Each structure stands twice: as structure tokens, then as C-alpha cells.
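Here come two complexes built around chain A, the first alongside chain B, the second alongside chain C.
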Partner chain A sequence: MVFAVALFAAAMGLILFGVSRLKRPRKWVLAAAFVGPAVLGLLFGLVYPALTTIKASFYDAKGNNFIGVDNYARALSEDAFQKVLGNTAIWVILVPLLSTGIGLVYAILVDRSKFEKFAKALIFLPMAISMVGASIIWKFMYDYKAVLENVPAARQPKQIGLLNQVIIWMGGEPYNFLLNGPWNTLFLIVVMVWIQAGFAMTILSASIKAIPDDIIEAARLDGVNAWQMFSHITVPSVRPSLVVVLTTIAMGTLKVFDIVRTMTGGQFGTSVVANEFYTQSFRQGNEGLGAALAVILFIIILPLIVYNVRQMKKTEEVR
Partner chain B sequence: MSNTEVPVDQVGTVPTPSTFDKVEHRADTVRKTMANRIGSAVAIVIALLWTVPTVGLLITSFRPERDIKTSGWWTFFSNPTVTTDNYVSAMTSSSINLSNYFVNSLVITIPSVLIPITIALLAAYAFAWIDFKGRSILFVGVFTLQVVPIQVTLIPLLTQFVNWELNGSFWVLWLSHSIFALPLAIFLLHNFMTEIPRELVEAARVDGAGHVKIFFSVLLPLLVPAIASFAIFQFLWVWNDLLVALTFAGGDNAVKPLTVYIADLSGTRGADWHLLSAAAFISMIVPVIIFVGLQRYFVRGLLAGSVKG
Partner chain C sequence: MRSFNKGRAITASVVGLGLALSLAACSDDDNKSEEPGAASGDCAAYEQYGDLKGKTVSVYTSIVTPEDTPHIDSYKPFEECTGAKITYEGSKEFEAQLLVKIKSGAAPDIAYIPQPGLLETIAKDYPDALVPASEGTVANVDKYYSPSWKSYGTVDGTFYAAPLGANVKSFVWYSPKQFEKNGYTIPTTWDELIALSDKILADHGAEGAKPWCAGIGSGEATGWPATDWLEDLVLRTAGGDVYDKWLTNEVKFDSPEIKEALAKVGEILKNPDYVNGGYGDVASIATTTFQDGGLPLVEDEPLCYLHRQASFYAANWPEGTEVSETGDAFAFYLPGLTADERPLLGGGEFAAAFSDRPEVAAFQAFLASPEWNNAKAKATPAGGWVSANSGLDPENLVSPIDKLAATLLGDTTQEFRFDGSDLMPAAVGQGTFWTEMTSWLAEDKDDAAVLSAIQASWPK
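Let's look at the complex of A and B:
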């Protein structure tokens, strides 16, 4: 590692030293020295691979024969893949709405309270840990010990997952959260919401604080209640941030595969496009289909990004 | 919020016109406190839901293996037995030996933060302060590359790396993480650079400073907060990454980072909670320290770059 960093530093130093020694450098030489490394890297690491993948998506599993749009047709029509697309849709609708909703409500509730900083840190902390770590945490919450038949309640194996214990305390039967479809997808979504709510809360809290005091004061003098304050003042004032947060989380959700892979491996009907891409490309050895799935992912994300960028430009103009 | 409290002894007085307003006001106050109470209760419930899962696993990681397997972590409070055995065996036992993967994670992450920031700083400087032909087109091009999902690039990159016989080395991870970070890094740093007053740069130029000198002595010190916030972002991102590492280093124990190994562990030894819980927390220590220590910068970076592609 030290060697690599030193090598990199030396290369960079050489470029800069060369540039600074030139008495009257030409514009393009300067530009090339400064922008060159970045452009080369991007061409090699993003532009060329993206084009290759688009091409590969029109070829067969081994990349030998051109088969047109067959991969796309298969990805969109086969039952197994339709299930995957359906799951992805559920993820992309539920995760942004739930995380943003919870983040917004929480940001309003702890705003200006005595424990604001601490309270925010609690919700925000899951952002720092990896999705793999978060998946382990929740797998433990969901842990399930099978109920033995013909064994009295007192001698049943003790549940070590909190959720099943809560169910037992409330008089219910333990439930295998990750195995039983279609609800298991929802229990995976909980993990992503748990991670993303902190992000939503941070952004929204900042824009709640930016609402001018006189507007809030005026509303209060008019005698609005908490709900009216929320729906007539707070939400309209933070609408641009709401849009940014919703679309950003949606984009992140589309690409997520860590949670599905760590918790269920995509089995029991929980797979999503990002996970299926990995499975097809690296496990099933069907690179054409994997490429098609990656391109489909890209096509779904594209409008979200365009919308997001336009929204961001708008807010910047207002500012 | 309720700073206008009505004395208790006024309860029950007949509402004469002069006190009528007060009663009205008191009803209002009661309503507000009620709303506040419900609000606080909701906030506390959310905070608990967000904290309990982590705390549960944390407590588990310090309980003896036997206890973990036979009783829930909440019984810890009635029967507190603490041990660090799980951590010791996760870090040093020959079959798990997380310390190797911990070092791998560090070795992967540090250059993957330094390299893109350096390259991005140079490029952002050029885009902001060197007036060359095709500058704006190139900048838009770089910015737009944020839309390319990493998934799209993985297989062609893997093929290239295999051709160059780089596969299974740290070089592959450093290179890919650095490149994937560039569009956002250039974009953010460029935004910060253009906010620096033009006069400052002009003045240095009149004094005869070249681009290299301006870059190091004028701009770099002013950019420290921006660099810090992006560095934290990139650090957390690389440290927590699973997809890139799995693709390029998934099969090789010598370069595998913690995330990949723990994901494997969860698949093969999913019931060994004494090891899994300790392993999960070992992987969280570094990012959480970074996060708690530099939270200020992290939040600033989040607010500046909330639009990540």
C-alpha cells in the first residue's frame, strides 16, 4: 500500500513539476496535465466498460453470437424475472416513501428539543455502518427457532431473535420472517429503511431549519394547530428537499444488492434486479443476460437522475 | 413551546370576560402539551426502534457462546455475564482470523480515498481556472458520467484486469474505487472552487505565480473543509462496499475486505452468532469512529452533495 501511494504521489509530482518548469506553457499542455489523469481514468473505467456492456447485452451467454433483443425479452417475460422486477418495484416505491416519511416526522419532532443532537445521532448512526453489518444486525432481530411438535410450551427452544420473542410475549406463534413469501421482501425492506431514514432526516432537518421564523410566527399567531402547521407550512416549504431525498433514496435502492444477498441470497422469492444481475453474471455464467439486466437497471435509473438534476438546478436558481 | 403557564389555582374560577381569554388560552395550552406529549412519545418510539437492533447485537457480542445459543440477549439484564472471548476468537482463531481482513480493508480503503481526491482536485482546478478549448463540454461529460451505475462496468473491467493479470491484487480495487469516485468528486470540488473569489486567484497570477503555485498555496488551504467532507464520504463508501470487492476480490482471501468475508460468514456459519456478532462490530468500529469524530464534516458533505448518482 505504501509503495502504491508513493508511486502515485511520485507520478503526480512529476506531472506537476514538469508543468511548473515550463516557462510559457501552452494552454492545452496545462489542461492535459491537470485533467488528463481524470479523463483517462474515466474513459477506461466508466465509458469503455459501459459501452461494452451495452454491446454484450445483445449477445448470448458466452458473448459469441449476436442474438438481438432476446436477453431483454427473456428478462422482461420469464416468470422468475417478472417476480424480480416486481420485487424491485416494491423496493423502489416503499423504501423512499417510508424512509422519507419517518425522517421528516422525526426531524420535526426533535427540532429545537433539548436532546436534538443526541436524538438525531441515534437515527443517523446506521448510515455509518455497512449494509452487510446492518443485515447481520437485522438477521439477528429476525432469528427464528422452529417450534417442535408434541413438546410442551415450557420446553420449546428459546427464541433468541427479539421480534419472535415479542410475538410470544404477546401470545403468538413464532414466525420465520425471512422464509415466507411474499412478506419476506417487506422484512428486507425494513433494513434499507432503517439505514436510509437518517439520510432523509438530515437533509430535511436542514431545510426545516431554513424556513424563515416570521412565517412560523405568523402561522402561530393565526392559531394553526400542529397538523395544519405540518401540512400547510412545513411540507410546502421543504418540498424541493423532499423531492431530492425521495429520488436519491430511490436511486440508491435500485442499486442495492448487499441486503438481499447477505440476508436471503435472493432465495425464497426475494431477489431484486441488482442481485439478479450479480447472480446471472457471476454465478450462472450468463453474461449476456446479466448485461441486459444491468442495462435495464440503468434505463430505470436514468429518468430519476435527469429529474433530480433538473430539480437541483431549479433550487440553485431560486437561491 | 408552552411558556405561558396558567396557575393551577385558577382552575374552576368562573369565566368572567376578563378571565375568559385566559381560559381559552389554557385550553389551547393543554392541547399543545398533549400534542407535544404524543409527539415526544412517537419520537421516543422511533429512537428505540432505531437503536434496539444494534444494542441487541452489541450485547450479544459480549455474552458467552452458551448463553447466546440458549437465551435471548434481553435476559442479559437479569444475568449479566460479560466476556471478550467472541472478539478474541473472531480476531485470532485460525478458521476465522478477522484481523487479516481488517488489514485488507484498511489497505484497500486508504489509497482509494487519497488517489481520487488528488486526481479530482487537479481536474476540478483545471475546469474552474484554466481556460482551455472544449472545457465546458468536457466538464458536462464528466458530470454526466455520474449516471453510469457501477454494475454496468463490472464485467468489462474484470475482463481487462484478467487480461493484464492484475486480477486478485489490490491494484484492481484501488483503480476501480478511484475511478468510480471521480465524477462526483470532480463535480463537488469544482463547485467549491468556483465559489472562491476570482480576485484571489487573479492577485496571485499578477504576482507571477504559475498554476501549480496557485493551486498549492492559494486554493488548497481554502478547500480543506470540502476535501475533508468528501474524504469521509469516500472512506465510508469504500470501507462499506460489497459489490466492487466481491467482483474483483471475492475469491481471494489475500485481498478480501471485511465486508465480503462477513457476508460469506453469514452464509456459511449463519447460526454462529457469537462469531457473527463480534465480526459485525469489528467491521463497524472504524467507520463509526470516523463518523462520530467527523460528523460535522460528514453532514456538511451530505448537505452539499445530497444528489449522488
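Let's look at the complex of A and C:
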């Protein structure tokens, strides 16, 4: 590790030194000197593994025999995997919409209010927690202990889950959040939304603040109400940011793995593509199928990335 | 199913860093005062390994704190007599990470593999990574282990890995004190076991107690205790021959023999009157961790009276629980259909080498020797560890349950079978077998659907 870092530093130093020694370097030399290492890194770290993964997806579990599209056929036809793909779809639809929606509304609500900084810090804090950490926190929130029949109150198991304790205070029966499908997937999604809403809020808040004051004033003079201000002025003005936020969160969501693995391990019908990929490749030794799942994930993400990059370019042009 | 270590590894995580630190501190003290049956100077048995001063052997296992301390301590005699240093790394993601390490060319010198199925996968997929057992190891295994144990460490005729620890799975935990108080006797047949369950229900059902408690939760490995149940019952209802064929899929999962066994498991696990003492309904078995599963059994007024779990469950009882034939908790043999049929289900882990160096060969041989087995027994004063090594002196096992396990493992009249899911292909044994048994309990999926789903996933 230390060796690798030293080697990298040395190589970069050499390149930079070489470039600085050239008098009036040609443009392409400069470009190659600076972009070259990054391109090489990408080739070794991304393109090469991607190609081998694609190749592996057409081979059997051990990677010895070519079996055509059998892995894809399995991944797309078997009940268990359809469930996984379905869950991933639910995640990708709900998480970006909910996080962005909550983030946007929150940003508008706290904008220029007295407690803006404090309020923003509150919703941004979860961003600072790792996915696994957040999952463990929420696992406690969801913890379930049954109410046992015929057992006196003193000997009932103690609820340690906050949500179930609240339900009991309100006179309800404790509910096993993580066990019962399909709702358990929604309860996992809550965790991701909790983390991502802060990110959406930050970007959108900055974007809202960038709306020129004269536009807002003009609208006020025209006598718009709050809803009209929101739908005709704010949303259209921050539209490019909205798209970037939506697609960025969507990409993050497609890769979701930590939350599912930490909270349910993919049990009880909550598995998603990334989790299933890990399970198939590393736990069950089915590399072909794992690779096929990874490729499917890649194919779904691809249009999102393209759209995201184009939107970012657009935003920059506007500036 | 799951290995003994992995399971306990998870308990360990709950116990956390604090305990890890305090244990580390304790072991330091021990070393100064009484420790080394080793350093006491007798290095004669170690001379065969030669002088290994300055050499290092790395060990990679699924055994993490606090279970790792006895392991690390048990290497001391070897380290002190030969001069070699053993570096120990335990990981809860062992099974997955071992393959990653091998693939990336960073395999450990020695790995403790808890599943013969995993050993077979490695031997077949990475034939160059695995080193056949060293001469000394072969000599020790031939001398101190029964041939069946050697066969579990053998792939396609090449012997790779020597048995390390062992455990008995066909155990039902109970409270001797409660049994005596209620006048219950230990059942010797399946029917007696069911009759006992009914009696417990009649006696204590009104207090909210159930005859059985259970838990199959184990993180991403959730489901393994349920596969153990089915394996135990296949051995009982269909016998060893069918069991062996079942492992290779000659007998299909959806065949009548397996269906019958699953129905028998269902008599207990899916009977809402019988389960799940202290935790709720049938579905609660799926969300109760296996470590917690049996705990309601040792309370003053128990909410359950019976808990089928392996010998290593001894480590999970709360501190102060007396594990003995007259104490708070003990185990009896899970009965067969008749008193004469006594098949035994068990498991264990195996030490495989990935480096062909003299010190690695020596250490592997040491692990198969009576010296190590006795050192390990002495380094585990709290109990919860046995091995099938005939050189292990039972006197060194302090816990009565370990002694009972050692007796059963050494009893050749009982037909011993290794844990089946550990021998099946990983896609089944560590995949659908776990997940489908979980669905069977969590979602009340019916027997036929569960078995045909597992069968469908068998690699073609």
C-alpha cells in the first residue's frame, strides 16, 4: 500500500517535472501529461474490470464454459430474481422522488427563516453517517418484541424499538417492521430517504438562493400566492438542479447494498440487485450469474448517467 | 448450516469491543501466572518441527472475539518451543473474503474452513492455491482421527485439510432443574418427545409458556438452524443412506423422503401451540437470533422448556448459568424414531494450507496433534469446544456438556453424519436452503413450495 502510494507520487512528480522542463510545450503534450494518468487509472480500475465482468456474465458459475445468455435468462425469468429486480425498481422510483421532494419542500420552508442554519444542519446531519451506521440506528428504531399471550405484564419482553413503543403508548399492537413484505422494503427505503434528503436540500437550497431577486419581486407585484410562487417561479428556476439531484440520488439508489445487507441481509423478500450480486458472486460462488446481475445494473444506470451528465453540462452553459 | 464459529462470531460482535479489550487484558495476566502448560518447559514433542525462529505463519478464520482468545493462547506452546510467530486474523465475512483473498493472490498461510463444501469449491476452482496436507499432518490425522473425519478434508482423493474443532448438533437443551421440579424425564423416542411437549403445554400453557423455543436469525446467514433441524430429521426418518444421496442430489429435495422429514420438523416448529416460547408466534422464529433463541429456558419461570441447538450453544447462556446435568441448563440427545436408532449430526472446521513452506507445514501438523488439542482444551476454561481428536484427554475438558459431546463423537455405535448444508453446493447449502427455510417460517410458505424451490436452484 505504502509502496503503491509512493510509486504513484513518484510517477506524478516525474510527469509534472517533465512538463515543467519543456519550454512552450505543445498542447497535446500538456493534455496527455495531465489526463494520461487518470485515463490509465480508469483503464485499469474501471474499463478492464467492466470488460472482464461482461465476459464472465456469459460463462458458467466457475467461469469455464461459455453458456451464452443463460445467466441473463435466469436473472430475468426466475421468481426469486424477478422479486429482486422488482424491489430495485421500487427503490429507484421512490427514493429519488421522496428525497428530492422532501429536500425541496424543506429548503423552501426554512429559506431565510430565523433558524435556517440550525434547521439545515438537522436534516443534513444524517448525510454524515455511513449507510451501515444509519442502518444500525434504524434497526433499533424498528426493533420488535411480540406481546406474549397469557404472560403477565412484568414478564413481557421489553420493547427497545422506539417506533413500537410509540405504537404501544398509542394503544396499538407492536408491528414487526422488517419481517412482513412487501412493506418491509418501504421501511428500508425510509432509511435511504433519511440520508439523502439532506443532500437534496443542500443543493436545492443553494439553487433557490440563486434565483434573482427581481424575478421574485416581479412575481410578488403581480400578486402570486404561495402555491403559484412555488409552481411558476421556484420549481422552473431550479429545474436543472432538480434533475441533477434526482438522477444523482437515483444512481446512488441503484447501487444500494449496505442498508439491505445490514438490516435484513436480503431476507424476507427485501433483496436488491447489488445485494444479490454480492451474494451470488461471493457467497454462493456463482460468478456468472453475479456478473450478469452486475451488468444488468450497469445497463439500467447507463441512461441515468448520460442524462445526468448532459443536464450538468446544460446547467454550466446557463452559468 | 453454519459453522460453529461463524455463529459464535456473531455473538461476539454483540459483546463488543469492551469485552474484547478486557479479555485481552485478562489473558495477559493469566500468562504471567499460571498459563503455559506449554512454557512449563517440555518442548520434546515440538522438536520434530525444528527451529522456526523468525518465521511467521498467518491464520485466517471466522472466529472473532471473544472466541479467538483461546485460539491465540493455544498456539503459545508452539510459538515458544519453535520460535515461530502465528498471526491471527478473524473475520465475520470469512467465507466470502477467503475467496476474494485467494482470487487476488493474497491467500493466508492457513485458513480454518468450516464447510467441507467450501473446501471442495476452492480445490476445484483454484487448484493451484490449495496445498495438500503436509506429511506430519497426514501422519497425525491417520493416527488420531476416524477415517470419516479425514474424508471430509479430502477432495477427489487428495487430502488437504485436517479436522480442527468439532461439534454435536443433535442436541436438545433443557433445564435439569425445571425437569426435576416438574417430574419430566428425558425422552428416548420421537413420540416421547412429542408427548413431553404436550405435557409441558398442558402444565404451563396457561402461564404463557410454550414447550419449545427457537431462533434462526443469523444476519445474512439467517436460516441455518432450520436447515439443521431438517438434516436431523432426514437422518431419523429416512436414514443415513438416503441422507448421503440427498447431499449429492440423487435424492431430490422434493422427493417423498425429504417431504416426510420436513413435515416432522413442522410438527414442532410450525405448531403455534409449541413455539415460540418467550418470543411470539411461528414467524418470530425467523427474526429471533439463534443466540437469543434459547434464553427464555433458564429463567426462574421459563417461557419455554426445550431448545434444539448444537453443543456450542453452551457459550450463549448468560453468565452464571450452571451448565451441568443437575444445573440450570444441559442437553440431551435429540431422540430418533425408536430408542435403538441413534444417528448423530455434527459439524466442525478444517485447517487448510495455502503456502508450501516448512513452518506452515509444521503448524498444520501441530494443529492435528494431541498437543494442540489439549492446549486448546486447557485454553478454553469456560467450555464450548471439543474436537474429534482421539489424543484429546477428556480430563482437559472442563465443561460437562463438552464431555458429553466428546463421548457422543467418540461413540462408534452412533451413525455420525456431517452437517449436510455444509456439504452441498454453495448455491444450495449457503443459499436457497437457508432462504427457503426462512420463508417456510417467516411467510408460512408451504412444504412443497419450499422444497421444489430449493430443488430448482440445485446447480445443473
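Quick notes on this one:
Criterion: the second predicted complex is superposed on the first by the 275 of 319 C-alpha atoms of A that agree within 3 Å, B and C clash if a C-alpha of one lies under 4 Å from a C-alpha of the other, contacts with A are read in each partner's own complex, and residues count from 1 in each chain.
Just so we're on the same page, a contact is a pair of C-beta atoms (placed from the backbone, for glycine too) under 8 Å apart; a residue touches a chain by one contact, two chains touch by 3 or more.
Quick caveat: nothing in here was measured; it's all calculated off a predicted structure.
Placing chain B and chain C on a common chain A by superposition gives a clash between them. With both structures placed on the common chain, the touch criterion links A:Asn150 to chain C but leaves chain B unconnected. In the superposition on chain A, A:Val5 contacts chain B only, with no contact to chain C. Contact with both chain B and chain C is seen for A:Phe282 once the two complexes are overlaid on the shared chain. Within the superposed three-chain model, A:Leu76 lies out of touch with both chain B and chain C [touch as defined at top].
When chain B and chain C are set side by side, the one touching more residues of chain A is B.
Shared-chain residue A:Ile93: touches no atom of chain B or chain C. Applying the stated contact rule after C-alpha superposition, one finds that A:Gly181 touches chain C and leaves chain B untouched. In the superposition on chain A, A:Gly290 contacts chain B only, with no contact to chain C.
In the superposed model, A:Leu14 lies in contact with neither chain B nor chain C. When the shared chain is aligned, no partner comes close enough to touch A:Val235: not chain B, not chain C.
Looking at chain A, you'll find residues 261, 265, 278, 282 touch chain B in one structure and chain C in the other. By the touch rule above, chain C contacts chain A in their complex via residues 95-97, 99-100, 121, 124-125, 205-208, 219-223, 278-281, 283-284, 286-287, 301, 303, 425-427, 430-432, 435, 438-439, 442-443, 453, 456, 459. Those residues of chain A lying in contact with chain C across their complex are 61-62, 78-80, 144-146, 148-152, 155, 157, 176, 178-179, 181, 261, 265-269, 278-279, 282-286. Interface residues of chain A facing chain B in the complex, by the touch rule stated above, are 1, 4-5, 8, 12, 16, 19-20, 25, 27-28, 30-31, 33-35, 37-39, 41-42, 44-50, 52-54, 56, 102, 105-106, 109-110, 113, 119, 121-133, 135-141, 143, 158-162, 165, 194, 197, 199, 202-203, 206, 223, 225-226, 241, 244-245, 248, 251-252, 254-255, 257-258, 261-262, 265, 274, 277-278, 281-282, 287, 290-291, 294-295, 297-298, 301-302, 305, 308-309, 312. Residues 28, 31-32, 35, 39-40, 42-43, 46-47, 50-54, 56-57, 60, 68-74, 107, 110-111, 114-115, 118-120, 122-123, 125-127, 130-133, 135, 138, 142, 145-157, 160, 170-171, 174-176, 178-180, 182-183, 186, 210-213, 236, 239-243, 246-247, 250, 259, 262-263, 266-267, 270, 273, 276-277, 279-280, 283-284, 287-288, 290-292, 295, 299, 302-303, 306-309 of chain B touch chain A in their complex.
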